[in-house]
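Take a look at the structure set out below.
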Amino acid sequence: MHIVVMTKPVPDPAAAAERLDADQRLDRAASPAVVNGNDEYALEAALKLIEAFGGEITLLTMAPAAGAETMRKALAMGATRGLLISEPALAGSDVPTTAIVLATALGGLTYDLVLAGVDTSDGGGGVVPAAIAARLRLPYLGNAAKIEPDPPNGRVTVRRITPIGYDVLEAPMPALIVCTQALGEPRYPSLKGIMAARSKELVTRTLESLGADVAGAGGAHTTTRVLGTRRPPSRGATTVVRGSAEEGATAIVELLAARRII
Amino acid sequence: MATIWVVAELDADGSLARISAEAATLGRSLAQAGGLDLAGIVVAADPVAAAEDLAAFVPRVVAVNEPATRGAAWASIAAERAAALIGPDPENVVLIGAGPDGRDVAGALSAMTGLGLLVNATGVSWTDGGPMVEMSVFGGKLITTSSFTAKGGIITIRPNSVAVEPAGARGSIVAAAPQEPLTLPRVAVVEQVAEAGAAAPIEEARIIVSGGRGVGSAAGFDLVASLASRLGGVVGATRAAVDAGWIPYAQQIGQTGKIVKPQLYLALGVSGAIQHKVGMQTAETIIAINRDPDAPIAEFADLLVVGDLFDVVPVLLTALDARAG
Amino acid sequence: MATVSARNPADRLTEEQVLLRDTVRQLATERIAPRAAEIDRTATFPEDIRQLLAEQDILGLPFPVEHGGVGGDLLTVCIAIEEIARACATSSLILIVQELGSLPLLLAGTPAQQTRFFPRLASGTALAAFGLTEPEAGSDAGALRTRAVRDGDTYVLDGTKRFITNGSVAGLITVFAVTDPDGPKHRRLSCFAVEVPTEGFRVERLEHKLGIRGSPTAELAFEGVRVPAANLIGAEGDGFSIAMATLDRSRPGVAAQAIGIAQGALDTAVAYARNRRQFGQRIGDFQMVAAMLADMDSQVEAARQLLYTACLEIEAGGPEVARWSAMCKLIAGDTAMRVTTDAVQVLGGYGYIDEFPVERMMRDAKITQIYEGTQQVQRLVVARALLGRPGS
């Protein structure tokens, strides 16, 4: 089974050190990057699938050149190879451009499944996978909590989380699946995996070598423009109530009433 | 002429999802400000009920009768039918909820129309001939303001960003039954399972009572649930509580769970680690009950009651009853 | 979560070493740190942590790839030790001793011996221990009394070993014993790979210790223990030089442990100084506290950089190996003691009780000034490198 896992380097949410460039876009080169947390669930799901069914995992990332560093960790976790699409013109790419580039890159790969994380911790839109699936006319299965491929019949069954429970979806492969945390905790890279990661294939390609039709991609032809960035207004000081349970409950009721919640 | 389109989502019973009522209310204020047409789209095998609901908010609703949505995943079908109605005009504005279904529709719609996309809007105004979109990014640490270079584009709207308000006059409903073959592959829904204890969609809840590690057990969540039900809210949880198996993943709030923006967030035994904070810090009012006065949540709650939740919550329930009685 | 200082590859680590450090750090933070207090309180060997280290190939770090190991160089092993020790000194000792006990085989074992013993050590199936110290022979390894007498195809071992870390949980102990009691000091000893349990081998008792309480420190009795001659490591009489070469290479591991303990204490102290408020301000904003933290950080970083350099020098070989090895352990051990003591001071009353980990770290730090050669012995080694042997 061939699985492509789409991963994105994001500013480390734990470092809280996101920096913005002159255009008010994230300065990705200046912010410490990690593999997007939700993408690690997708990778873990892929690793479990190839353990069960055999096969290979190709990582697909669109990022600045430094994205290779975070891809190494994913390779150390057990992915087979990596493909990094990197080009300065892609800095600040909007959703349509990102989807076109990644869809074009997928067009050059062989796969039964494409797995993506449910959203990213930076942009957080969670819309790119659906756009890619629509471009490539791939069956799209979102919010997956369980993935059960049936390779002999070329089909895949997915449990999709819904507000009230779950739906069982079924589609032919190749298909694109969006993965949630419910698929299981990502593993730690083993030390042997780390030592082996350097010798794994990690190819960086430009738009031209990809043949992507996104002339003037990124900044110049983007469909969206950032006008400004600000910090949210800070909340007022916290009122701390220590004392009996009655005093605590009274303080809560009074605040709820003052704010007309009850 | 460019149009503002609201693509509706449906609840399980076929009625209009609240997020779509919010999007429609927002659409009306934008249409007035920009002097644009406003229309809604409902795509379903039985679109009538939701279309009736939506007509309370917008002057025109296209009710697309699409039997293919029966037994198949809804989003890509809805996106394809909506794309055909919306057309290629780059000045069209499309409003969709930022929940799981809305995101799926928005992504596919962007691919099919070529329209740009701004996600997770917490506020939209009409400025310089187009929408100006406020978004909360990096888990609420920054607010960015963006616009579309082509004036039009698709915007996904965070639940609870707009107060729902029906229009003065009901809109008209136009039935449609497109015959063009669908080109996106269909994904079959072979089974729909309702899980016991599953709650209303947490992203849309106006009141959330959430439990963390301090709740201690699945049984402990009974108390969380009683308070939620007493306040007319839903139950949320931290990742620690979900990982411990006390409550389903669908209720998880935070970095790898849902991002919520309720009117009230009442946190019981929740420390407020950064991974959780990014999912709820834009709540209007945050109240915490925690034994640890130095827990991180002390830094961003409006009110912190230092104490054992199992002591305070029963007293609080009594106090609420007394007030109601 | 403890604060994680985002240190950049300014410290000249390879891409693998950075990734390995970050991975072990995450593992230690998420899986080992939550167990550390309990391991200390119950003074029980953490079998779960041993399994975790084995599963993640961490115990395979010192062993060659062809024998199932990871093939990490000395610096890489030390980086892993530091990250584990930052969460739990006892747990880091599992890796330290896996290397220490195996070093005689790594340095002087035949290919056949390595093939026989390394796979199970590299996989973590068996733990190693290092059997040098005796009740009457601590720093003075020349005073060993345990005897090994050749009898056909075997050697018969008799004697007592003391302060043997992991002696009660090891499957393989490298034991040093006298084969030529009348020979010159440097030729009296030989080294044996002893597979245990075996007839005549007994764990006499376990010590009650100030720190590293989850690590079993055993007194071992050998009464007529028969060891195949094929288990002799090196030649007869090579024991003393094997022991010294082993310690030259293993002391950086203790230095790494010391630095990890110190860093863990510093992390706790910094987090506390950021959050704890007295007289209306963060205690870190008081200059006296801020200065302590600055000194602690500078000392830890100085010790770490010395360790890194020492690892590279030792790996490169050369006549100065003993000096580098002694210096890094000396500085790191003293730094750990000072920094953990200061961390307790920064936390005040809270530092003295087990609600915070710094009192444990202070107790754990002490051993790094004692084992694998006391600080006094390290100074002796460095002084000898400067002055030559007494009387020369």
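To keep things simple, chains are lettered A, B and C as they appear, and every chain counts its residues starting from 1.
Rule of thumb we're sticking to: a residue touches a chain if its C-beta (ideal position, glycine included) is under 8 Å from a C-beta of that chain, and two chains touch if they have at least 3 such contacts.
Small disclaimer: the values here were computed from a predicted structure and weren't measured.
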Report back the single chain whose CA centre is most distant from the CA centre of chain B. C
Chains most often in contact, by C-beta pairs: A-B
Closest chain to the protein CA centroid? A
How far is the middle of chain A from the middle of chain B, if each middle is the mean of its Cα atoms, in Å? 20
Round to the nearest whole Å and give the separation of the Cα centres of chain B and chain C. 54
For chain A and chain C, what's the span in angstrom between their mean Cα positions? 40
Residue ranges of chain A touching at least 2 other chains are 14
Residues of chain C whose C-beta touches two or more other chains: 1
Listing for chain B: what residues touch at least two other chains? none
Under the stated contact criterion, what part of chain C meets chain A in this complex? 1, 4, 6, 15-16, 19-20, 22-23, 26-27, 55-58, 60-61, 65, 70-72, 80
Counting only contacts in the complex, chain A reaches chain B at residues 11, 13-14, 16, 18, 20, 24, 37-38, 41, 94-96, 99, 118-119, 121-135, 137-143, 145, 157, 160-172, 175, 180-182, 222-232, 235-236, 238-243, 245-246, 248-253, 255-257, 259, 261-262
In the complex with chain C, residue positions of chain A that touch it: 14-15, 17, 32, 69, 72-73, 76, 188-195, 197-198
Chain A partner, complex, touching residues on chain B are 12, 73, 75-76, 79, 100, 103-108, 110-112, 114-120, 132, 136-150, 153, 156, 183-195, 198-202, 207, 231, 239, 249-250, 252, 255-257, 259, 263-264, 266, 274-275, 278, 282, 284-287, 289, 293, 298-308, 311-312, 314-316, 318-320, 323
